[in-house]
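A, B, C and D label the chains in the order they appear, each numbered from 1.
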Amino acid sequence: MMALFLRDLKLSVRAGGGALIGVLFFMTVVAVIPFGVGPDLNLLSRIGPAIVWIGALLSALLGLDRLFQAERDDGSLDIILMQDTPLALTVFVKCLAHWTGSCLPLVIASPLLSLFMNMNEVAIGAVMLTLFVGSPALTFIGAVGAAVAVALPRGGLLVSILVLPFAIPVLIFGVSATYAAVEDPAPFMPPFMILSALTLLFAALGPVAAAAALRQSSD
Amino acid sequence: MGLNVENLAARRGDDLLFSQISFELKPGEALVLTGANGSGKSTLLRVVAGLLRPEAGHVSFVGAADGEARPAGEVSHYLGHRNAMKPELSVDENLSFWQDFLGDSDGGKGLSILEAAEEVGLGGITHLPFGYLSAGQQRRFALAKLLVAYRPIWILDEPTAALDAAADRMFARLVSGHLAAGGIVLAATHQPLGLDGVKELRMKGFAGTVQDIAA
Amino acid sequence: MSTTSLVISKVTGLANPTRFLALAARMIPWMAVITVLLFAAGLYMSFASTSDYQQGYTVRIMYVHVPAAWLAMMCYSVMALSAIGTLVWRHPLADVSHKSAAPLGAAFTLISLITGSLWGKPMWGTWWVWDARLTSVFILFLMYLGIIALNRAMDDPGKAARVSAVLILVGFVNIPIIKFSVEWWNTLHQPASVMRMDGPTIDKAFLWPLLVMAIAFTMLFFTLHIAAMRNEILRRRVTAQRRLAARMAGRGEE
Amino acid sequence: MSHAFYIYTSYGVSGAIIAILCLWVWLDGRARQKELTALEAAGHRRRSSAKTQAEDAA
């Protein structure tokens, strides 16, 4: 399993890998917002956490469609399906590798972008923490979409459409936990705990569902 | 002992590709599937490998060690039309990944990557990215993948596609070596493999519609 | 026969880079030493200098911020010249030059953005404002990253060089925008005080350390650029050798 | 926060980025250099082994 993790990580950093593209997309999405809403610093700092979260959500979805499609295109998926190791475990490891290669850079880039949004130090820390905890859920949900769309020729866009509705709860609690950290009356812990619970839930549910979808899709 | 296939039937869409296919392969035996394009060779192989669900019948493998029946796919190598190697990674990285990921089945041990590369006649170039190689070289390393992790059953779909005459001989040597060690080979091809004493199953294609089997 | 002629044409193609490699091997140590000496002098001068009555000690950030920003633009200009070299003369060294300059440019732009933020916080009370100068520098940073991503996404270095050369030349419009943004728009960022038609307005006490640091940064850039170009040439040779090795391996069998 | 904090952070960050850059260029150069020498060594070996094969055939 370690071999699979390392191979997927290597593939995401090698030439043509998605790691750099994802971060670049994240920066570009966040950077165009001030052009749209105007450079009002107060407004930017108010909507900042939401913008950073939405940007991270969109960039996290960007490379997901290749998660299983690339394996299918070169025939590796067949061999992975045949093994007696539980398929859900294999999917889980692939998700972890994808998260480390594509989502962790987003988490690391988020403080820089939060500065551009004129957010204060507490808000920056909160965004980074909630993204760190919440983004694995996005990967696990996305894995289900990627597995469903694996056999489709142009599944890329479809994956995003399938996945976005399920990602809404993660977005809601991620953003509300961030706001709770900044604004005084609302407590930070309840939404943050729900966010963590969501990640754990999807970590258990996502690989199983994705494994079932992969089994159905083979032909 | 060996690979057991009973009354297998499979379909593509509503058409039944084959039905009532039964055969048994003991250790050291090989079966070659021949037939025209679209006669269901690949489908039969995928059903045996457990990648497709059969319409009827079942496939099982009984190992020498425990005597228990288990799905044949778990103890098989499957070499399809595509090589299951990443062009971005080097040959060495590809092979060592599959070696670690697959592991050895009971009753045998895989070769080291260096030995496997020597076996397929491409010893010196395992450090090259897989994408740099020609189609024939890529196919040879896909065959080397069968050697790095031990599996008693080899399921090969058009294994000699893109191979030249010298590589054909190399392939025949690999297969007879595997058979001599008590392995089982199931291969689909439309060209002679240069193997002696193997069974042959001629696939005819289209065996009726799904309603026939229900009746 | 055909492979031999191919090898010969490859060798003549590499003749220029070969001379470059020899030159680079001799120049890099000297340039590195000069860079280190200049940095030692520049750092000493900048920490020994007096403070500005308006900006206090933070004026010392200027000694890294301004040279880095200046290099961010100069690096892009070097890349644009190389891009012309790629498109007009199809010189192999030009491809190598603009490909290996992109990561350096991105790094210097990042330095100028970060030090700018660290200067802006005590001076303006905020890390970042979306004014014309800062925004255009940030866009420059994104362009550098885009060029790097484009270069990495393509397998064939020759094709990648031509496509990214076009992108570089299109993006060059951003450079005058950065340069004149402080004059064209009313921004928080202070206007240029060194590079002016009517001579520098900056106090002599700040000018000298700034100049030494600017020269040190420029030397650093050229040292790194030549070293990175050498790496890129070596990388291409490795690739060529590997392809050759793959072809030879097949022939050895017969 | 004191001004010294901003000054030293900016010098520190710049120094770190430049150090990473220098290290990357240096390590990249060494790795490529090593790959090239390894390839050349392998090339010599193969050429000589091919020659012995030809001699065997003759």
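Structure notes:
What we mean here is this: a contact is a pair of C-beta atoms (placed from the backbone, for glycine too) under 8 Å apart; a residue touches a chain by one contact, two chains touch by 3 or more.
The structure displayed is predicted, hence computed values, not measured ones.
Each chain's centre was taken as the mean of its CA atoms, and the one lying most distant from chain D is B. Between the interfaces C-D and B-C, more contacting C-beta pairs are found at C-D.
Chain C and chain D have CA centres that are 20 Å apart.
Each chain gets one centre point, the mean of its Cα atoms, and the points for chain B and chain C are 53 Å apart.
Rounded to whole angstrom, the centroid-to-centroid distance between chain A and chain C, based on C-alpha atoms, equals 33 Å. Counting partner chains per residue, chain D has residues 42, 46 touching two or more of them. Residue positions of chain A with contacts to 2 or more other chains are 15-16. The multi-chain contact residues of chain C, meaning those touching 2 or more other chains, are 155, 242, 245, 249. Partner chain B is touched in their complex by these residues of chain C: 155, 242-243, 245-247, 249-250, 253-254.
Chain D contributes residues 1, 3-4, 6-7, 9-11, 13-14, 17-18, 20-22, 24-26, 28-29, 32-33, 35-36, 39-40, 42-43, 46, 49-50, 53 to its touches with chain C in the complex. Residues of chain C that touch chain A in their complex: 117, 126-131, 135, 138-139, 142, 145-146, 148-149, 152-153, 155.
Per the touch definition, chain C reaches chain D in the complex via residues 56-58, 60-61, 64-65, 68, 103-104, 107, 110-111, 114-115, 118-119, 121-122, 220, 224, 227-228, 230-231, 234-235, 237-238, 241-242, 244-245, 248-249, 252. Considering their complex, residues 15-16, 20-21, 24, 27-28, 31, 34, 39, 41, 44, 115-116, 118 of chain A touch chain C.
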